[in-house]
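Only one structure is covered here, and it is reproduced in the block below.
The letters A, B, C, D, E, F, G, H, I, J, K, L, M and N name the chains in turn, as written, and every chain counts its residues from 1.
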Amino acid sequence: MDSVTIIAVASIITAGLTTGIGCMFPALSEGKAVSAALGSISQQPDAAPTITRTLFVGLAMIESTAIYCFVVSMILIFANPFWNFIVQ
Amino acid sequence: MDSVTIIAVASIITAGLTTGIGCMFPALSEGKAVSAALGSISQQPDAAPTITRTLFVGLAMIESTAIYCFVVSMILIFANPFWNFIVQ
Amino acid sequence: MDSVTIIAVASIITAGLTTGIGCMFPALSEGKAVSAALGSISQQPDAAPTITRTLFVGLAMIESTAIYCFVVSMILIFANPFWNFIVQ
Amino acid sequence: MDSVTIIAVASIITAGLTTGIGCMFPALSEGKAVSAALGSISQQPDAAPTITRTLFVGLAMIESTAIYCFVVSMILIFANPFWNFIVQ
Amino acid sequence: MDSVTIIAVASIITAGLTTGIGCMFPALSEGKAVSAALGSISQQPDAAPTITRTLFVGLAMIESTAIYCFVVSMILIFANPFWNFIVQ
Amino acid sequence: MDSVTIIAVASIITAGLTTGIGCMFPALSEGKAVSAALGSISQQPDAAPTITRTLFVGLAMIESTAIYCFVVSMILIFANPFWNFIVQ
Amino acid sequence: MDSVTIIAVASIITAGLTTGIGCMFPALSEGKAVSAALGSISQQPDAAPTITRTLFVGLAMIESTAIYCFVVSMILIFANPFWNFIVQ
Amino acid sequence: MDSVTIIAVASIITAGLTTGIGCMFPALSEGKAVSAALGSISQQPDAAPTITRTLFVGLAMIESTAIYCFVVSMILIFANPFWNFIVQ
Amino acid sequence: MDSVTIIAVASIITAGLTTGIGCMFPALSEGKAVSAALGSISQQPDAAPTITRTLFVGLAMIESTAIYCFVVSMILIFANPFWNFIVQ
Amino acid sequence: MDSVTIIAVASIITAGLTTGIGCMFPALSEGKAVSAALGSISQQPDAAPTITRTLFVGLAMIESTAIYCFVVSMILIFANPFWNFIVQ
Amino acid sequence: MDSVTIIAVASIITAGLTTGIGCMFPALSEGKAVSAALGSISQQPDAAPTITRTLFVGLAMIESTAIYCFVVSMILIFANPFWNFIVQ
Amino acid sequence: MDSVTIIAVASIITAGLTTGIGCMFPALSEGKAVSAALGSISQQPDAAPTITRTLFVGLAMIESTAIYCFVVSMILIFANPFWNFIVQ
Amino acid sequence: MDSVTIIAVASIITAGLTTGIGCMFPALSEGKAVSAALGSISQQPDAAPTITRTLFVGLAMIESTAIYCFVVSMILIFANPFWNFIVQ
Amino acid sequence: MDSVTIIAVASIITAGLTTGIGCMFPALSEGKAVSAALGSISQQPDAAPTITRTLFVGLAMIESTAIYCFVVSMILIFANPFWNFIVQ
């Protein structure tokens, strides 16, 4: 195996696993937050606007961690400095 | 094994595992959200429209993490830059 | 092992595992949603139509993640671009 | 090991594991749904027909994920395109 | 190791593990369903016939996933197409 | 290692593990069912006959999955077709 | 390593692990059943004979799965057909 | 490594692990039973003799699974038929 | 494999895994905090401003641990001193 | 590595692990029993003598499983028949 | 692989994993503390200043363990004595 | 590697792991017992002497399992019969 | 690999993992203690000084275990006797 | 690798892991004890002196298991008899 191949393989596997692993817990966490929001609305329907607003801010924060992982995957696939160095 | 084979194998395995792993927790999470929504409706039937609307927004957010993984798999299968470089 | 064999083996194993792993949590999740629906119906029989409708929308969303995995398996078995490139 | 043997072995192991793993969680999930149905019937005997009907729809949905895995196993054993290509 | 031996070994191990793994969760699940049925009977003795009938339908569904695994094991031991191809 | 030895070893290990793994969850599950039965009897002593009868049917169903595993082990030890083919 | 040694080693390890693993969950399960029985007796001292009798039947069923494993271990140590074939 | 060494090593490791693993869950289970007995006595001091008697029968049953493992270990160390065959 | 390749591969894999693993628990934790906030708002709507403010401070603290991991990944990809030493 | 060394190494590692693993759950279990005893005493101070006596019998039973493991370790270190055979 | 490469690789991997692993539980723990604080505020709004102050002290203590790991990573990347010894 | 080295290495690793693993659950268990004692004292301050005495007996029993592991480690480091045999 | 390199690598990896692993549970544990303190303050605001003081003593004890690990890491990096022996 | 290097490496890794693993559960356990103490104080502020005293005795017992591990690590680093034998 030459260097080009090894770095390509490592980038492919890492990109896939980073997104695969990194999206697990944000998904779990958003489900938890949505469940709590639904329970809260059914318990206190009058506070629905406040609950919804807090939920969306929270979902944005949680989604951000999933996006970090997605960004790292995209960097490894399309803007990988090690790959650029090797294939020059 | 030549370079073409290795990169093809790595892409196949990574594409499968990324979707396989990455769909686990979104599914779990959507089940949790749906369960909470059903519990909330049965507890407060009058708030059903608000609950349903919040549920659908939440499911869309959760589904988005599964779709990130699916997108990475599709990129690895059909638009893999490392594969394109090798098979040129 | 020549290239054709390796890619075939990788495709077979990945296709099986992707479906096998990817169907675990949707199944678990649907069971959770159905359980919640049954509990809700027994608690509030009058809301059965709303509950059933929300349940079916939720099951469709959850089933979709299982279908992503099944689709990736089918692509790997019957429309694998790497295999097509090799066996040309 | 020649190509025929390797692909046969990979198909056998994958077929077995796909069914073995893929049937775990549907079974667990059906048990959960049945338990919830039994609890609901004992709590609200009058709603038994609605509960039973919803249970059967839910069991069918859950069983479908087990059947995806069984179908993939059967394809790998009896309609494996890679095997057909090799043994031609 | 010649091809016959390898395929025999793979079939033996896979057949054993498929049944071994595949019977774990159906057993767990049936235990759950039976427990729920017993709890429901003690809570609502008048609904015992409905509960028993629903239990038996549910046990049949759950047992079916165990039987898929047992069937795959039996196919691998007594009607294995790869083995038949090799020993011809 | 010649073929006879390999197949013998694979059969021994698989037979042991199949029974060992396959008896874990039925045991757990029977314990759960018995516990539920005992709790139900103490809660509703008048329903003891119905509970006992349902318990025995349930234990028989659960035991059946343990017996599938035991049967596969016995087939692998005493009626193994691959072994018979090799030692002929 | 000659064949006799390999089969002896495989038999020793498998015999030990089968009993070791196979006795874990029956023990756990009997503990659960005994706990439930003790709780039931303290809750309903009048039903002690029925509880004790049901407990003993249940313990016998659970013990049976541990005994399957013990039997397989004993067969592998003292009546192993593969060993008998080899050392003839 | 000659045959005598290999079988001795396998016997040593298996004997240790069988006892080590096989004593875990009986210990856990006895702790559970004792806890339940203590809780029951504090809840219903009048039933102490019945509780104690049932506890001792249960502990004996649970201890028996630990003893199976201990017996297998002792057989492997002091009455190992494979070892006897080899060192003759 | 020459030194440049090895260090590149190690950096790629480590960068991906650090972000992938390091984002799991912050996401989980933020979901927990958001859930608690939503539950608290529905329970005590008057304290919403205090709750929201405390939530945002807490989310910032939790996000900081995810950012440590992201920073380490970025250092490994774009400002790696070992890589700079080697490629000089 | 000669036979003496291998058997010594296997004995050392097994002796350590058997005690290490085998003492985990008895410790856990005794903690559980002691906790239950303390809870029972605080709930029913009058039954303290009965509780203490039952606790000590239970602790003795649980300790016995830890002692089985300790005994096996001591046998492997100081009265190992395989070692004695080899170093003769 | 020469010494420089090996030490560089070990430093890269260790630095990444130390931060990745070491940030998991502090994040989890801060989420727990924040959740508890939010629950406490909603339960006792008058004690909000005391709660907030105690929360911040606690978060600082928890964050300190994450910072130990971050510090070790930074030492391994930028002030590694072993690296400095080798590249002299 | 000569025999002296191997046995030294095995003794070092085993001694460390035995203490490391063997101290985990006693610590956990003592924490549980202390927690129960504290809860019992706050619930029934009058029974504090009895609770404290029972706690100390229990802690002594639990500590004894940790000490078995520590003793085995010390034997392996300072009174290892295999080491003494080799270095004679 | 020469001795200097090996010992450097082992020291780097061990130092990182010891801190990484050793900081996990103290962090978890401090989060638990802080949560309990916050819950206690909200429940009994008058006892806040006693609670805070006990909390700080407890955090110091817990932090000490994290510091043991940090100290071992620092010893391995900056005062390693094995390294000093080798590089003399 | 010569003997000195191997023993040094084994000592380094074991010393680190023993402290790293061995400090996990004591930390967890102390957190549990502190939490219980805080809960008890808030529930029964009058018993604070007794609770605090029992807590400190308990923490000392728990800390002792962490110290056993730390002592073993220190022995392996600074008073290792195997190392002393080799480097003489």
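What we mean here is this: contacts are C-beta pairs under 8 Å (C-beta built on N, C-alpha and C of every residue); 3 or more make two chains touch, one makes a residue touch a chain.
Chain labels with UniProt names: A, B, C, D, E, F, G, H, I, J, K, L, M, N = ATP synthase subunit c.
Quick caveat: nothing in here was measured; it's all calculated off a predicted structure.
Least step count on the touch graph, chain C to chain H: 5. We define each chain's centre as the mean of its Cα atoms; on that basis chain C and chain N are separated by 46 Å. If you average the Cα atoms of chain A and of chain K, the two centres end up 21 Å apart.
The distance from the centre of chain C to the centre of chain G, each centre being the mean of the chain's C-alpha atoms, comes to 37 Å. Along chain M, residues 1, 11, 13, 15, 17, 19-21, 24-26, 28-33, 35-37, 39, 41, 43, 55, 59, 66, 73 each make contact with two or more other chains. Chain contacts here close into one cycle, and each chain has exactly two touching partners.
Around the closed ring of chain contacts, the path that opens at chain G and continues to chain H reads G, H, J, L, N, M, K, I, A, B, C, D, E, F.
Residue ranges of chain A in contact with chain I, taken from their complex: 1, 3, 6-7, 10-11, 13-15, 17-22, 24-26, 28-33, 35-37, 39-41, 43-44, 46-47, 50-51, 54-55, 58-59, 61-62, 64-66, 68-69, 72-73, 75-76, 80-82, 85-86. By the touch rule above, chain D contacts chain E in their complex via residues 1-2, 4-5, 8-9, 11-13, 15-17, 19-21, 23-39, 41-43, 45, 48, 52, 55, 59, 63, 66, 70, 73, 77-78, 83, 87.
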